[in-house]
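Starting off with a structure, shown below.
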């Protein structure tokens, strides 16, 4: 069964049809790229899948479970991890604590344990730290655990966002323009990281990206969006030669 | 009792309430302009139980705290799901309603002339123990899972939800903890001054607490405690400033907001580790280089 | 007949609340925060109106003008002192709360310093109440209602029809885009504060006429807040409708259960309203941007 199945979702804001009939089926280990010009509704697709906006129509199934109308935090706990286009880390928390926040909903102690020095609390905190350090190590930030994210470079902050999303133990990982603002070296490292995560953790990845070379290199399937509609989807090779895609990206050829 | 014990006791009682406000405002980024009304609930409930029903204190004080928390739950219920403005607006209305209620129910509360005859139980020492206890609880809370989630919610609600954080629940927990602590501060207060009246618990009191938290540093409990000492101690020591109190606070905070928005201490906390660092730095300064 | 009397008194009271709630909503719309200094600004302007005009034996109109002008100027100064840098630095919106609360204590502190805890009364501007077919309508109610209605209609026209109004609406909708479109955002915000301050001054004088002038008069701003919440936070028409409803409910409550308990019940009504219909009457939907 597909890990993520999105069936014919629609979403409009007032008169603007941000998504019209978007569908996707992503399996374990697959990387799906979503590309398209600005304003094509790519981020809105992520926002609907992760529950920020309710879909007007259509269904979202996560590992067979209908999550279309679920609350955002419950969707995350079902196994949906995501990053944001404009990095949204928690100010006032260290790198480690940023990832701990994604573990905390699974931490097994309650309000009494939060106020009192109970043994259960320290055991759970230790368990959480170990898990989080594991993910920080995976993205190469283990030596920055006590830093403040505000003091880190853009590339490291992007990685921290990925580590935080990983701490949600996602079945589906949504990456919203992870390479935006990175230099070529960092993009190379990021590409490797995404491929390694996909290999080692075996979840499904959905990737919104402007840098075509990155998407083309690592995605098995590419969906091209324009004005809220899917104008093509298929392997990188198929998409590259699709006349509709060329038109959307380059405009009609005059000669 | 000397004047200084009196001032110190009052400051310590304020520390308790401000520590409660710190959880809500400093950590979670929510503003309650009716927080003093919860202090009133604590003060009046315990006071009435003791004076009118001669209940023992060890029952009356918890009763005051529990009632405040129960009322806080009802006030918080419609607001925690909405944007933060609502909790400020609703608590402000709540404060006015409580003041009206206290003024009106004369038979029970003494109305505008206040509730008198409360036994004087709180001493400098019990105030000190209470303050230390509350500070300990809250610093434990700040480093716990809910404490982290509070800070996450303050920083970015949407991202917090995306990480599986139940935002309304976290907001409610922060609100109720702060209500409980403030109500306890009310018990301490009523059993120290032996007298309470509704005018003590207006929105300006709540605003003062918010100002103290921000003056000290948004994310620093140490800062909040420190600024409570400075801001409530200063006008007590310098009597001639008493009338200018509100204006001095306001000017100080406006300066801070414009020029040092993180507050006096920002995020710095007095932890054993930070303390060791300071001491180490101090030693380095003291030892001239030629010694080694 | 009794009900009609409540409605008439309620609308008169509600029109003052409408001045408060629109003044508050205007700033809320533009900067997306609740301006808690609004109440203290009402007190400050009402007292200035008293000392500058009414105490010198001038009539209602000079008093109103003095109070409104004070409100505008002080609001403008407040914007510069307390909000400008937060806006420029784009720091967390929670600083707006702190700033406005601080500004509120500052205004109220100054008033207390000047007048102490004393009560002042505006001179009697109005004659005897009119009796009309069994209804009693005070002249002050009529005049307050007429002035409020006139001001609100003019405000609506300004916001809908003029260039400044259009700029204000676009800044409320999306500050960044408005700025990209060449709209002077700072000027629009200043404009909003000027209007909001004038409304605060006007409301302050009317409240002073209805009750007395005292340093914590501004806490009546809570009526305007409740009206905005009932009407739908951020909606100007909602703020007016909410204010009228609140006025009618309140006069009814005061006549039936007494003025002491009325705030308790209006608060409970707001709480229930929020549970049942959090978006308010106008159904405004203010969401944090995703």
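In order of appearance the chains are A, B and C, and numbering begins at 1 in each one.
The working rule: a residue touches a chain if its C-beta (ideal position, glycine included) is under 8 Å from a C-beta of that chain, and two chains touch if they have at least 3 such contacts.
Since the structure is predicted, the reported quantities are computational estimates derived from the model, not experimental observations.
**Q** May I ask which two chains are joined by the most contacting C-beta pairs?
**A** B-C
**Q** Which chain is the middle one, judged by CA centres?
**A** If one averages C-alpha positions chain by chain, the most central is B.
**Q** For chain A and chain B, let me know how many angstrom lie between their CA-based centres, rounded off.
**A** Here chain A and chain B have centroids separated by 40 Å.
**Q** Quick one: report the Å distance separating chain B from chain C, using the average Cα coordinate of each chain.
**A** So the centroids are 29 Å from each other.
**Q** Using mean C-alpha positions as chain centres, tell me how far chain A is from chain C in Å, no decimals.
**A** 45
**Q** Which positions in chain C are in touch with at least two other chains?
**A** Residues 92, 290 of chain C touch two or more partner chains.
**Q** Identify all positions of chain A at which a residue touches two or more other chains, and write them in rising order.
**A** 52, 91
**Q** Quick check on chain B: which residues sit in contact with 2+ other chains?
**A** 154-155, 158, 218
**Q** Show me the residue ranges of chain A that touch chain B in the complex, using the header's touch definition.
**A** 50-52, 71-74, 76-77, 82, 84, 88-93, 97, 100-102, 104-107, 109, 111, 113-117, 121, 124-125, 128, 164-165, 167-168
**Q** Would you pull the chain C residues touching chain B in the complex into a rising list?
**A** 28, 33-34, 36, 81-82, 85-86, 89, 91-92, 94-95, 97-99, 101-106, 108-110, 112-113, 216, 219, 222, 225-226, 228-229, 233, 260-264, 266-268, 270-271, 274-275, 278, 286-288, 290
**Q** Applying the document's contact rule, which stretches of chain B touch chain C when the two form their complex?
**A** Per the stated touch rule, the residues are 29, 31, 33, 74-75, 77-79, 81-86, 88-90, 92-94, 96-97, 99-101, 103-104, 154-155, 157-158, 202-204, 207-208, 210-211, 214, 218, 243-247, 249-251, 253-254, 257-258, 261.
**Q** Could you please specify the touching residues of chain B with respect to chain A in the complex?
**A** For chain B paired with chain A, touching residues are 137, 140-141, 144-149, 151-152, 154-156, 158-167, 173, 177, 218-219, 267.
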